[in-house]
Amino acid sequence: MADDLYQKGIAKIQELTASPDENPTGEMDIGAAFKDIAPDLEKYVVEFAFGGIYSRPGLDNKQKVLATITALVAQGKPQIKMHIKTGLTVGLTPEEIVGCIMHLLPYTGFPSVINALSVAKEVFAEQGLTVDTTGVV
Amino acid sequence: MADDLYQKGIAKIQELTASPDENPTGEMDIGAAFKDIAPDLEKYVVEFAFGGIYSRPGLDNKQKVLATITALVAQGKPQIKMHIKTGLTVGLTPEEIVGCIMHLLPYTGFPSVINALSVAKEVFAEQGLTVDTTGVV
Amino acid sequence: MADDLYQKGIAKIQELTASPDENPTGEMDIGAAFKDIAPDLEKYVVEFAFGGIYSRPGLDNKQKVLATITALVAQGKPQIKMHIKTGLTVGLTPEEIVGCIMHLLPYTGFPSVINALSVAKEVFAEQGLTVDTTGVV
Amino acid sequence: MADDLYQKGIAKIQELTASPDENPTGEMDIGAAFKDIAPDLEKYVVEFAFGGIYSRPGLDNKQKVLATITALVAQGKPQIKMHIKTGLTVGLTPEEIVGCIMHLLPYTGFPSVINALSVAKEVFAEQGLTVDTTGVV
Amino acid sequence: MADDLYQKGIAKIQELTASPDENPTGEMDIGAAFKDIAPDLEKYVVEFAFGGIYSRPGLDNKQKVLATITALVAQGKPQIKMHIKTGLTVGLTPEEIVGCIMHLLPYTGFPSVINALSVAKEVFAEQGLTVDTTGVV
Amino acid sequence: MADDLYQKGIAKIQELTASPDENPTGEMDIGAAFKDIAPDLEKYVVEFAFGGIYSRPGLDNKQKVLATITALVAQGKPQIKMHIKTGLTVGLTPEEIVGCIMHLLPYTGFPSVINALSVAKEVFAEQGLTVDTTGVV
């Protein structure tokens, strides 16, 4: 049922944003912002994107967020900040996030990568995280 | 040394293309095609892309190829076919490849995803692979 | 209910592709092509894209297809052919379709427009349609 | 004559920006900003874009602005704000503008749509407009 | 006058396509192809693009075609083939054309560059041209 | 040797940024910003981009920076500001920089060009430069 799908989506958002008690609808809740002009946007985010696509088998959460981050680097979208945070929540290490962005140098070119690294650096600073660069030569 | 870097790149290409004996310079060798007009292209592919970026720590080979496939879906580039093959070589399952492409629906839209699924379907057919769709609802 | 949403999507596809008797699942049916590798793609096309987005109030069918064609010109996607046909089905005139593509010259540049006009010309030829160019100077 | 074309373009800009008395060269006048570095830019905007393309038959003003908004959503350009205002001037309702942006979800993905909705919401707030969401489910 | 502008555009096209006697309207004439569906396209190509933009001071013809080729590599447009030919006509050497495409590796990534090099290689072969790769390391 | 390549890259950056004494590692040094999260980024910028690509034969420095600026206009990247400055350093005139950006009108459309002209105008103002618009009609 659609109602079940909505609950499935909310549960997935909570899983990706980590704190069902303190953050029950998830950091990614964008329904409130647009409910007066496009009240169905929240439904599509929750039901289609999270209840559907993010709940698909095939990839685990870490792989899904890496794919999301990659797409956002390629497109230069500001949503990358939110998804770097989500990546940390689902267990991606800072090394994996930086590794993903750096991996795109031959595909998206330097400007896209540098812009994304700036955002990652900002998120890591906000969360007091450091990057282990052992083996990076 | 640069010479070491070239060897490191060739070794990484072989690792990604699986058959050092039968395919010693790798399926991805594009040096021959352009050596008369841009002989340094091969060097940059081997040394920068594979000796450097693909040899970076942070992500494993499977994650790297998933990021590559994602970038190529977002950009609509024909190189996706070669990299779907590489993904299968490094151990990505057909389910992971399809899962990655389908995951991009909310980020790149349907046309990019459908075009990429057509290529994946073609590669799977060429290699006699099937996709386990258990749990896909 | 999800089942209702699926029926709503199928009805919308039929409305856009015009012949419920001869073409009961619509010309746009892409479920069959991918049901062995991504059986849920059809569901998302039918339920999300057509049962949801294409069934939204706000724009009429002609406006929706014009927006679709515009997005596909801007992105250079081959799906533009199918949607030019859909546009004709919902009542867009050849003049409106050409007018839409030509209008994009200052926004997407000449190459994207010329590529799209080639497709439009091909569809018009297939359907024996001519374009009234009265007033075009 | 070129002079006639310039006047035709100015008239079209006034038509799109609504107030020939208070805003005689139109809100879209960008000639002043660049006349010291590229004085011909204004000519191309007025004569080619507005005297030519925006004055073409085929689409009415509302359709033209919807196509413009769609292209700018697909490209992520900041000019969308100016064209949402123009859309309101030529008679697009807030429901049509939101409908157009929401329609792009399956084509450009969620981030582009959400970024554009934020701009629309800002313009509606500036002009004291509300969106009738009756029938949006 | 508009008529003068048309003649100016035709003259510029001839200058870029080299043979006013044998090819009086230029290799780039696309008016014939679309005159039945968008007869004004030819006018905009001739008057705006060639009579206006290509006739601007600031850059010489070689620089203008290099900028065109660069934009088409970045966008992945098939028109790059025609403009590589135009570049050769206005005096760009094969080394400059390859140099321009290779220069884009850090900005557009490898796939775009490789696709463009394939087209350049094809044009050079058609015209019996070789590339001097002295100094390429 | 790699060490030589690094020095070659640094020398090229200095050549492009003009002041080996006051600005010994060049204005383009981005190594410091990311050395804690991706210390190899600086290496790739210096060795691959500047020691390799920018040191290639085929194009001169002015042509290389024009190609860079063109790619960044087409992609809408903020790095265009830095490269307009580099262009001025290697001897591009303000007229050539504006000429390059204006030339892209038929390829990237007006919004990309207008956004880039705004940046050029800002750089020219910072450096007290004026643009000779003689012959611009």
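Labels for the chains are A, B, C, D, E and F, by order of writing; each one numbers its residues from 1.
We take it that a contact is a pair of C-beta atoms (placed from the backbone, for glycine too) under 8 Å apart; a residue touches a chain by one contact, two chains touch by 3 or more.
This structure is a prediction, so every number in the text was calculated from the model and none was measured.
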Contacting subunit A as well as subunit E are chains B, C, D, F
What's the chain with its C-alpha centre farthest out from subunit D?
B
Any idea whether B-C or C-F has more C-beta pairs in contact?
B-C
Measuring centre to centre, with centres taken as mean CA positions, what chain is farthest from subunit E?
A
Inter-centroid spacing, subunit F versus subunit E (mean Cα positions, whole Å):
23
Using mean CA coordinates as chain centres, what's the gap between subunit D and subunit E in Å?
31
With chain centres taken as the means of their Cα atoms, state the distance from subunit B to subunit D in Å.
41
For subunit D, residues contacting two or more additional chains:
40, 44, 48-49, 53, 56, 72, 75-76, 98, 102, 105-111, 136
Which label fits the chain touch graph of this model best, line, ring, star, complete or other?
complete
Flag every residue of subunit C that touches subunit A in the complex, lowest number first.
1-2, 5, 40, 44, 48, 52-53, 56
Hey, which residues of subunit B end up touching subunit E in the complex?
30, 33-34, 36-41, 43-45, 49, 71-72, 75-79
Quick one: in the complex, what on subunit B touches subunit C?
76, 94, 98, 101-102, 105, 110-115, 117-118, 120-121, 124, 130-131, 133, 136-137
Parts of subunit D lying in touch with subunit C, wherever the complex brings them together:
48-49, 53-54, 56-59, 63-64, 66-68, 70-75, 95-96, 98-100, 102-108, 134-136
Per the touch rule above, subunit D residues touching subunit B in the complex are 105-111
